[in-house]
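Two complexes are shown next, each including chain A; its partner changes from chain B in the first to chain C in the second.
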Partner chain A sequence: MNTFTNLVLAAAEEAEHSIEYGDGGIFAEWAWLLVIVPFVAFVAIVFFGKRLPRQGGEIAVGAMAFVFIYAAILFVINTVEGVVFEHSVEVARIGSFAIEWGWVVDGLSSMMYLVIGLLAFLIFTYALGYMEGDVRPTWFFAAFTLFAGSMLLLVSAPNLIQLIVGWEGVGLASYLLIGHWWEDKENSSAGMKAFYVNKVADIGLVIGAFVLAIPVGSFRISDVLDAVVGNSGDIEAVAFWGAALLFIGAMGKSAQFPLHVWLPDAMAGPTPVSALMHAATMVTAGVYLLGRMYPLYAEMAAEARVPVLIIGTITLIIAGLLAVVQDDIKKVLAYSTVSQLGYMVAAMGAGAYTAGLFHLWTHAFFKGLLFLGAGSVIHSVHSNNMSDMGGLRKPMPVTFGTFVAGTLALAGIFPLAGFFSKDEILAAFNYEGYTAVLVIGVVGAFVTAFYMARTVFLTFYGTYKGHGRPHESPRVMTMPMVVLAGLAVVGGWVNIPGLYTGFTDWVGTRAQTFAEHHAESFDWPVVAIGLTAAFLGIVAGYFLYYRDEETQQARDSFRIPLLWPLLEHKYYLDDLYMNGIVTPIKGPIARFVDWTNSYVLDGIVNAAGFVTRALARFVYQDLDQRGIDLALNGVAYSTDDLAGRTRLLQTGKVQQYAGATVIGAVLLVIGFVVFG
Partner chain B sequence: MAPDIDYLALAPEITLAVTAVVVLLLDLFLPRRQKYWTAIVAVLGVSFAALPLIALAVSDVGDRAMLGGSFVVDDFALVLKGLFVIAGYLVLLMSVGYVESDRYYQGEYYFLLLMSILGSMVLASSRDLITLFIAVELVSQPMYLLAGWRKGDLRSNEASLKYFLLGVLASALLLYGMSFVYGLTGELTFAGIAAEGAGKAGEPAFIMAILFIIAGFGFKVSAVPFHFWAPDTYEGAPTPVAAYLSVSSKAAGFVALLVVLYSAFPDASGVWGPAVWILAALSMTLANLTALRQTNIVRLLAYSSVAQAGFMLVPFAAAATTDAVGLGEAFAATVTYIVIYAFMNLGAFAVVIAGARKTGTGDIEGWGGLGSYAPALGALAAVFFFSLAGIPPLAGWIAKLVMFGAAMGAGSPWMIALAVIAAINAVIALVYYARVVKTIWMDPVPATAPEEEVRTASVAGSLGLAIGLSAAVVVVAGFFPSLVTFFSDATKVLAGG
Partner chain C sequence: MPLLRRRKPRKKRCRHDSKELEARGLELRIPEGGELVLLNQFLILGALLFSLGVYGLLVRRNAVMVLLSIELMLNAVNVNLVAFESFLRNAGAGGQIFAIFVITVAAAEVGIGLAIILLIFRNRTSANVDELDLMKW
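After this line comes the complex of A and B, so read on.
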């Protein structure tokens, strides 16, 4: 039976299972192209990229254009009739588990496909201009395509194994991209850091996946969630642990406190990488995972939502504060992303599935835009530091205009995209009765508006302090920014409480449903408080950084006593990790093990050797001298001779190694006889 | 009366034995310049040995037992023999250029290597203690000599002597344990021991016998604390020999462990399960931590192979706490891991041989910028090292996945703890594997690097073939894991699963 017949049969089967939704027709059946095309493009760039005029960039952009168009079609089909389609092909069997590859088309995944396709297409186009004249553009575009492809593999996964494969692929590609300019050692270390931190978190994901899959007997997400919804099997006993472990994995990718440390360092990569990483791929993976597994968190493992809410809330405020003290424009945006991810995760923790995903959606537009704007500025002034900028409003009008649109959207000013999504999250906190979280969320909104106002004033107002003459970027770079600016303005109008709530319906189409509260109208007090906080933030930024053009930069060095050093050292977390975990393992612990290997064991063995020698002396003097047979003497002699030669070869340790072998065996035996 | 011999079942072994003798004779008569013919004959002989294996695999006779059940050709034996033949073939390819450049004792080298391969073939079929012991010795003895093949090099001498002395000790432990088993059960065949030993699992002498056997094989698979010889021996031995030691010889040790533990002591899994649990945890943790500090690439691979042995032991530990189905799955998990490990580790060693020739050093630091002047080799190094680290979609990831599945599937808290230890170790291991890849690609070419001609000289054809074949398996099996799991599933017969 060929694959195509399989597809058709499966489609028929799916149609039986889910009558209330459409099956998406031929487009859902062929959605595997979304994943395959980027990987084919990756291979093509690696082998043929160098021979093309744009070094392979055209293949990458073409592939992303395809993904975007295909995803848009799926998205439209889903808005019209709601699609739930899932298909899996068995790749191997491992014990009783099937290892499968497949794809899912439903509300959640088609929203993600569209976000990834759209952002990747725009950012890849921008990169054509940004990476012109780079040392290895072919390599860049290959890794970039791999990055997007891995993310699509992750999002399309109908089972946890494929999700992990995509997850690891995203990590690997990010390592390659962050360290892209590896001639500078700092960059390659930043890549390694991102890789390792993610890898540590992945332990949680991998173990969590097994914890959930084993009682169900399947790695399929739909099977696990069916068991959760139907409360069948032994899943209830492990639900909390499974959910908590998966969240650890999500914390790594979505840069939640205290695993957020890799993200600001990841700014070492080229700016298009940062834009894609922060808007559509990688960091959204954790939020997506929570969304994909949401039926688990909604009811059965509701207690696991408590750590999710707490971690998200801590993240949103501490990262927001860190953004205030950065001089590097990309680091401001990086901490801002961490903070906004905190909002999304906290929303998930509070039980607001739609609000969390809605913020992911709007954030993709304005954060992608802000990064492209920052890249445009950096491209022009050749520095990341805002102390080298200032007054760029006039020479870079398009960048300025779009950047301001992104800033207002992020700050949550009505009627831009960020207003609607942030308001929905705050309203959810209020509805669920998490007052403390609501307060922190509002303070976070103030901080967000403040650091973005600071960034705009330091970069675009005042006098220029850098070198050379800044200039506007080429059209290939500004056009994507203009498109994203448009989306940053209107992107939030798809989910207005009481007016039009299309987005809620889109992401709500999925095989396993769960109860969620949807407000009938705005929560007006929350709207008022949130907007006031945002305005106050901008006003505070205006007073501190705009009024006096000449002393603008000087004012930046104003110090908040006590808090400032804490923020400047990033709460000393990096130091804690380096001095508390990495250095001990690399240094003392590894050295200790090394040392134990060669000295302590040797010592034990030496002691054993000493006893043996004493014993031998006893045997020699008391037994041998009394005339036991000569043959024994001969054996003893030759052993001695061999030992002597061994020592000449400086292999004195051989006896000790041998001793260790014997002692190991004997200890095992003693252990078992005594304790077993 | 002559015993009933099934010549087809013995054909692979006979082919190898004949080839070995022909190589030795050829070496006598060939003039010095034409010694390379010994290599060609050896490679051909190993290739021909694969043919009867295929014939046996497709024949529908079923299990072929002879010599009173001491020598059995079943699916398990066939799969492992296939692995030994392929691994031996790859090591021969890696050896050709290496031994030729040393210019001496080619004939003997190939003879000894072929004898060791023959030993591993017999091992896969042996189903009693004596056959097993002889096979294990036949695998090891030639290696004692080959480890010291670079006679002029003091470190090679040291490698050989160390390996020999400790190997003899391990054999003694093994034999001691076996003698107890015989004394207690009065049986030599595994089936007989399993039947007789069923009620004896609690007896101290029986426990001691099992543990001594584990210790003896622990040496062969270089599990902590029986691993001390490995780094010194690998570093001193010719690199193809180190590759053979780390793959074929280690796999032989695992095959012996699998056969003995699962088929002779199935009822005593409560004894050997926990013992292996300790060995697995120790091997993974200590070897990975030590590997972090290695600066020589061969020593790094030595500690890595000790750590990998720890991963392979994890499913053994699971066997103690599960039912018959779980037992079969744990068994298949270890076989899967061994098969995948064989290709990725041989590939890594082949890359090291090629890289050491180009960079002129075994120090990792000296490998900086290899990717810039030998991009294909650099890319393949990344493939093998990332596969060893378990990064998908390379095959090493499937090996790790299967191992986790067996550990978590057992469901006991002890096994979950071991799975967590394994997961943490996978992260630690990534640090040193990734560091090698980073050095190759991202560090500048060191000032001590040899001149341009040496660096860009092409890799020997046979070595290139070995690298290419291993890479193909590592990549393809990552995408189509059923290529491997099909075979490892077939081996479950031995565990009764």
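After this line comes the complex of A and C, so read on.
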């Protein structure tokens, strides 16, 4: 066996599970600002956003700039001295369980803060351009800020309750954002689908949290993990079930087979939402949960890693194959995300904690970049379908250049970010002896390179097939793409085996440590196989979709018999869920509700209606019509009648009036004379 | 107003009882160097003129004649005012001033009235008041 142990592990053995880290000073103490500022910004946008020139977008971008800068400071502090800080405030108490709110600053969470802050800042800036002229920009930015804030709440959680609150907040915000253009039924249905599928998985998360918390007597993650590290017998009994249930929760948020169905539909939302959702918030939550609870999976619940590995492996290959048949550019990227999440989860399952998180880190950059690029293309050609694109290389040079950088990074071409992270995952498969998984991972790498090559050739090469004249996006949109392209290139250089392994130290900086294998140099055969697979994928894409441009479309419509219908229908999973689960449950419930409705509720309602009607009839006929109305009408009729007679006095003849006046005067005189 | 109307027998009212007048701070005055003209004579003239005016006001069809009748009534009142003023001491110049006021107002009234009648005549080619009954029920 390899005797390489990392610095952390060596130190851990010396100091018996307690390593001296810094406490991060005032910046860690004030890290609650990271969570509060987005929520304050959310409220501010809701109430004051409409009055601002950018409809509230400036508040959102400002809040995210703050989060980014603060996260960068925390990250630097962590890099320099290693920070482990945790603080909790008691909010409420139920029996012996304290409900707490707090924040964690350690290597893992500061890595996530930085990813969220950086990606959110860039994508919000991009959204300023992308959402210009939208129907509800204020609400969009409010929900977007809520999205990022909920994710920060989740990541900063020192206890499982707060983690669930943030988790649900992310789900709510994603529902709002996916259905942002709810005028189309399809979009609001996609939002609901995301919400429901996540709810199914959340049941696992909530039960898992309780299963783990009850034997420990505390919801604090550190207490649970301390019990795990200390080999407490109470928790050992439930460790497998707790870990498996938490993973069900992670399967929902991180879109693992068979709960991945919501993610492609979530493309109904605006593109910046997809970008943020796929890069930094939402789908990374599941992987983060696995990472945060990793000490549990490392040894005590090691059997629970088997389903994690299997599900991750299935996900990475089936989602990769689905991406090949998509025409919608965003759906290609969505299935690509599912596939990459499969890599991360499979890495976690294989015991490669660092490799999984490292892929999360690099994936955030290039997937965020690819979505922004796709958004830029969609913004320009007003269609999501690649059959409406083509030849965009010339009119959109910046988008093209950055998109290609993202594609090569995702395909895993040396020396871009994806190469290092994917290689580390494949090497971990090899080291742990999961040969079958390694083979599937390599096939997945080939498929990844193939569908990305297909996307690039269909979108940017050949002839333009859409309408109108495509144009480059404004600078506010291209600048974030350029920054992300830079990161997609260099993002992987923070963890080069044998050269510099800063990333390993960052995510290893945490209170509870565990043993993990870290390769000291590249696993050269795996590097060779992985790179070959990626190159073959690109070459295959080149031959199929580029070499002879005339037949490009013919080839795109080429369909492999048997396999194509299966992929086209997404393995019939949606049909299975609809006909197998939703309809059978919906039917009896609907019938029962209908029966209750027509016999019980309607009876009550009808009785109430009958009594009310009788009462109303009495009031109407006897009280109102025969009483009040008659009196009022009588007054009105008599006034009308009298007026009709009296008005005849008004003849209009002045001399009659004058005569009346004279007669009156004479009568007055006579009166004075006689009675005076 | 009720200068001469007091709780007295009716026959006494026109006798200009000097004592009664003196009791009210008034004094009967006889114009100098002239034949004594009785107040009654002026009052009768005024009454006749006024009646004539009333008659004209009520029966004439032509609006101009109606206006003329009103003038007649006003002037009848003027005669009364001036007569009372000249026969009563201590009345100040009230009667004359009032007469002048009446003349002024009458002049204004005639100015406006004639203008109205003129416009009516232009619009309807008639100044017959019987036809001007638009303002009825």
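Definition applied: the second predicted complex is superposed on the first by the 568 of 676 C-alpha atoms of A that agree within 3 Å, B and C clash if a C-alpha of one lies under 4 Å from a C-alpha of the other, contacts with A are read in each partner's own complex, and residues count from 1 in each chain.
Here, a contact is a pair of C-beta atoms (placed from the backbone, for glycine too) under 8 Å apart; a residue touches a chain by one contact, two chains touch by 3 or more.
Small disclaimer: the values here were computed from a predicted structure and weren't measured.
Look at A:Ile214: by the touch rule set out above, it reaches chain B but stays clear of chain C. Once the two complexes are laid over each other on the shared chain, residue contacts for A:Gly95 go to chain B alone; chain C is not touched.
In the superposition on chain A, A:Gly179 makes contact with chain B only, not with chain C. In the superposition on chain A, contact of A:Val165 is made with chain B only, not with chain C.
Touch criterion met: A:Val662 reaches chain B and chain C at once. The residues of chain A shared by its contacts with chain B and with chain C are 650-651, 653-654, 658, 662, 672, 676. Chain contact summary for the complex, chain B toward chain A: residues 154, 157-158, 161-162, 165-166, 169-170, 173, 204, 207-208, 211-212, 214-215, 218-219, 225-226, 228-229, 271, 274-275, 278, 286, 289-290, 292-293, 325, 329, 332-333, 336, 386, 391-393, 397-398, 401-402, 404-406, 408-409, 411, 416, 419-420, 423-424, 426-428, 430-431, 434, 438, 441-442, 444, 479-482, 485, 489. Those residues of chain C whose C-beta lies close enough to touch chain A in the complex are 5, 54, 57-59, 66, 129-130, 132-137. By the touch criterion stated above, chain A contacts chain C in their complex at residues 647-648, 650-655, 658-659, 662, 672, 676.
Interface of chain A with chain B (complex): residues 91-97, 99, 161, 164-165, 168-169, 172, 175, 179, 182-183, 188, 192, 195-196, 199-200, 202-203, 206-207, 210-211, 214, 585-586, 589-591, 593-594, 597, 601, 646, 649-651, 653-654, 657-658, 660-665, 668-669, 672-673, 676.
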